[in-house]
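For reference, chains read A, B and C in written order, and residue numbers begin at 1 within each chain.
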Amino acid sequence: MDLDLIQQAIPLLLKGLTTTLAIGLVAIVVGFPLGLGFALARLSSNRTLAGIALLYSMVFRGTPLLVQIFIIYFGLGQVQFLRDQTALWWFFSDGFNCATLAITLNTAAYTSEILRGGLMGISAGEIEAARACGMSDWLCFRRIRFPLAFRLALPAYANEITVIVKESSLASTVTVLEITGLAKRLMSETFAVVEVFTLAGLLYLIVNFALLLVMRSWLEPRLSMHRNVARPSSWLRLRRRRA
Amino acid sequence: MSKGKLLSCLLGLMFAAISTSGAAAQGVLTVGTEGDAPPYSMADASGNVTGFDADVARSICAKLDVTCKFVVQAFDTLIPALDAKRFDIIISGLGITEERKKKIGYSIPYASAPQYFIVSKGSPLAKFTSLPPLLAALKGKSIGVVTGTTYSRYIAKNIPDATIKSYDSLTQMESDLSAKRFDAAFDDGSSWTDYLKKPEGASFEVVPVKVVATDDPSTLGHGMGVGIRKDDQELTKKIDVALCDIIKSGQMKTMSEKWFSDDYSLTCK
Amino acid sequence: MDIALSRLLWEDGWGLSILRGSAVTLAVGVLGMSFGLLLGLLLAAVKWARVPVVSQIVDVYTVIVRSVPGLLVVYLIFFGSVEFIAKVGTFFGYTDAFQSAYSFIVGVLSVGAIAAAYAAEVFRGALNAIHPGQIEAARAVGMQTRKLYTRIIGPQMFRYALPGISNVWQSTIKDTSLVSVTGLAELIRVAYIGAGTTRQPLIFFVIAAVVFFVITLFSQVAFGLVERNLNRGVRVV
């Protein structure tokens, strides 16, 4: 273990961390509302809307993210029309933009499935009660359906956020210098493969751990303050029963 | 059938389908090469390698009376893989630098090509004729290089303010160059000669400022050599002898002119 | 456009290369998944049985592999010990061909390692879903342990795990795209080379996407059929 190398590597990889977090932030901020939109479309009574949302979900969940990134970066880069429009080209010429767009579209598809599950998991009684009280559709959604769905979906969405952070590493294949991209560059200069990649892996581990910790210990209890939330581990209950 | 046997059968079938037909147990030299850098090393989908490096490799193998077997990998992964004994030697336009010498050994240098910048036709950068003002003008611009090459090291050291776009392979960089995703690219003159011949190269021109290894040997190195593991002394000696033969017989010059339209071969002392 | 496409596929031979690449992708996916399922089952059993030290190690393994990007796992195994991979190759009887199969083995191992971590969680959840009362009852009537596993635990675990395993398969077959960075001639790599050579990235990558889409669609249907078959006779409350 070369301490010099580690000292050299850490600040460089931390620079990559800001890029990784930037990709993640955009993906969550844009992807979540987009996913919500698609989830509502899937559940709507309008057949065309539901069909479009289903197609979107199947395409983006059924193909690898790497291919999606390549199509947006290389494929769209080939389209002469895009190259001629300065505004559009300013966006698509950058690897960061293309990769973030692909990751956002991808996570929107998965988020739509998660939120759809959450929305479908609300017991019918609550919605009936809301309607009986005379709540409008929008009020019912804002006060009843969305908060309940979000709480139900939170564990799965927390998982999705860690997946977003991991998927950001694929941006390195289109010249984006996030953690993995910088790790590769560092590896090609110092040839210390195992050390550099282990450090990079450690960095991802720390980020995901921190995210999960925030989600589980702060967000989840905050949303479930109305009941005592014992850590929902079935194996814990099982242990007590067996003892 | 037990799960284990089924697994072995499946794996065996897959290996049969995928592995190339039996390499001979003796007399094989595995050569690591990039496969994605015309005109040095080009590999098609089935793994056949052509190019200057492939020709050099085959002539060495002919002299050593062995068969050449090529392993194609991204350029920046070649040296670690050589260390991990994935192949015996590297022939892929590998520049000889002090940094790399710490990790692997080299044969005698066999060729040296000058480097050039390439820009869009009509770009103000094309008007420069000497190196220092060109480097100054490139400050703040985006420059494309291939990851792990001496050229990327040169740019990182001499134009630190430039945005460096690193690509895994030359073809990938050329594809983004055609799409005008960055302002200038820096690589061997031979790569640009090859690129300008293609239809996409029509709207580009080479800046007539020649950069040679002696301009900055700490990053650009001392010519190209065959990469060999440090402890493989015997192989190094054999390859040195073979290379010397090839250079002295004029074969290296012929190969260079075939691919680069210029003689980039070095002399053997 | 249609004429150009057919010329590309048939005359220039790219159609065949794409088919071969798809076969390699499927091979890596299937073998990786098989390896991952076996390993995952083993890991889940260890965690379920709560073996003192080993369970913790298994925990660490699953947490790490699920938190680190698949790309890094592939790179680490790719640059890791070549000797180890040579041993794996010779174990299955391929001494000389190991060199060319190196990327393939790396692919299978990395895809399998990732699949195993997720599969272990799925199997663990499935094992926990089996009502402990059934196990107590089986022991109370004096059932042998082997019968307990094959008649009680096995079938139920399999049924509970199936949806999760179908998810693991979907992400595994997509993870095979990561192996393209090792140079293995699977579908994405072939598409990449084709895109570079013919300067037509859009066609090639869209074709690759379509192939993956067909594979995942087919898998979804297949798993759905198996699920329905297994859940025959189960009352849904």
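We take it that a residue touches a chain if its C-beta (ideal position, glycine included) is under 8 Å from a C-beta of that chain, and two chains touch if they have at least 3 such contacts.
Everything numeric here is computed off the predicted structure, so don't read it as measured data.
Participant: Is the way these chains touch best called a line, a ring, a star, complete, or other?
Facilitator: complete
Participant: Using the touch rule from the top, work out which pair, B-C or A-C, shares more C-beta pairs.
Facilitator: Between B-C and A-C, the larger count of C-beta pairs in contact belongs to A-C.
Participant: Report back the single chain whose CA centre is most distant from the CA centre of chain C.
Facilitator: Ranked by distance of C-alpha centres from chain C, the top chain is B.
Participant: Per the centroid of Cα atoms for each chain, what is the distance between chain A and chain B, given in Å?
Facilitator: Chain A and chain B have C-alpha centres separated by 38 Å.
Participant: In whole angstrom, how far does the Cα centroid of chain B sit from the Cα centroid of chain C?
Facilitator: For chain B versus chain C, the centre distance works out to 35 Å.
Participant: For chain A and chain C, what's the span in angstrom between their mean Cα positions?
Facilitator: 22
Participant: If you look at chain B, which of its residues touch at least two other chains?
Facilitator: In chain B, 77, 80, 175 touch at least two other chains.
Participant: Spell out, as numbers or ranges, the residues of chain C touching 2 or more other chains.
Facilitator: Within chain C, the residues that touch at least two other chains are 79-80, 181, 195, 199, 201.
Participant: Can you tell me which residues of chain A touch two or more of the remaining chains?
Facilitator: 74, 77-78, 173, 184, 193
Participant: Can you name the residues of chain B that touch chain A in the complex?
Facilitator: Per the touch definition, chain B meets chain A at residues 76-77, 79-80, 83, 99, 103, 147-148, 153, 165-168, 175-176, 179-181.
Participant: Over in the complex, which chain A residues touch chain C? Could you list them?
Facilitator: So the residues of chain A in touch with chain C come to 58-59, 61-68, 70-71, 74-79, 162, 166-170, 172-173, 180, 183-184, 193-194, 197-198, 200-201, 204-205, 208-209, 234-235, 238, 241-242.
Participant: Considering only the defined contacts, which chain A positions touch chain B in the complex?
Facilitator: Result: residues 74, 77-78, 83, 93-95, 173, 175, 177, 181, 184-185, 187-189, 191, 193 of chain A touch chain B.
Participant: Which residues of chain C touch chain A in their complex?
Facilitator: Residue positions touching the partner: 64, 66-72, 75-76, 79-80, 124-125, 128-129, 132, 170, 174-178, 180-181, 188, 191-192, 195, 199-202, 205-206, 208-209, 212-213, 216-217.
Participant: Tell me, which parts of chain C touch chain B in their complex?
Facilitator: Contact set of chain C toward chain B: 14, 17, 21, 23-24, 27, 30-31, 34-35, 38, 78-83, 92-94, 96-97, 99-102, 104, 181-183, 185, 190, 193-197, 199, 201.
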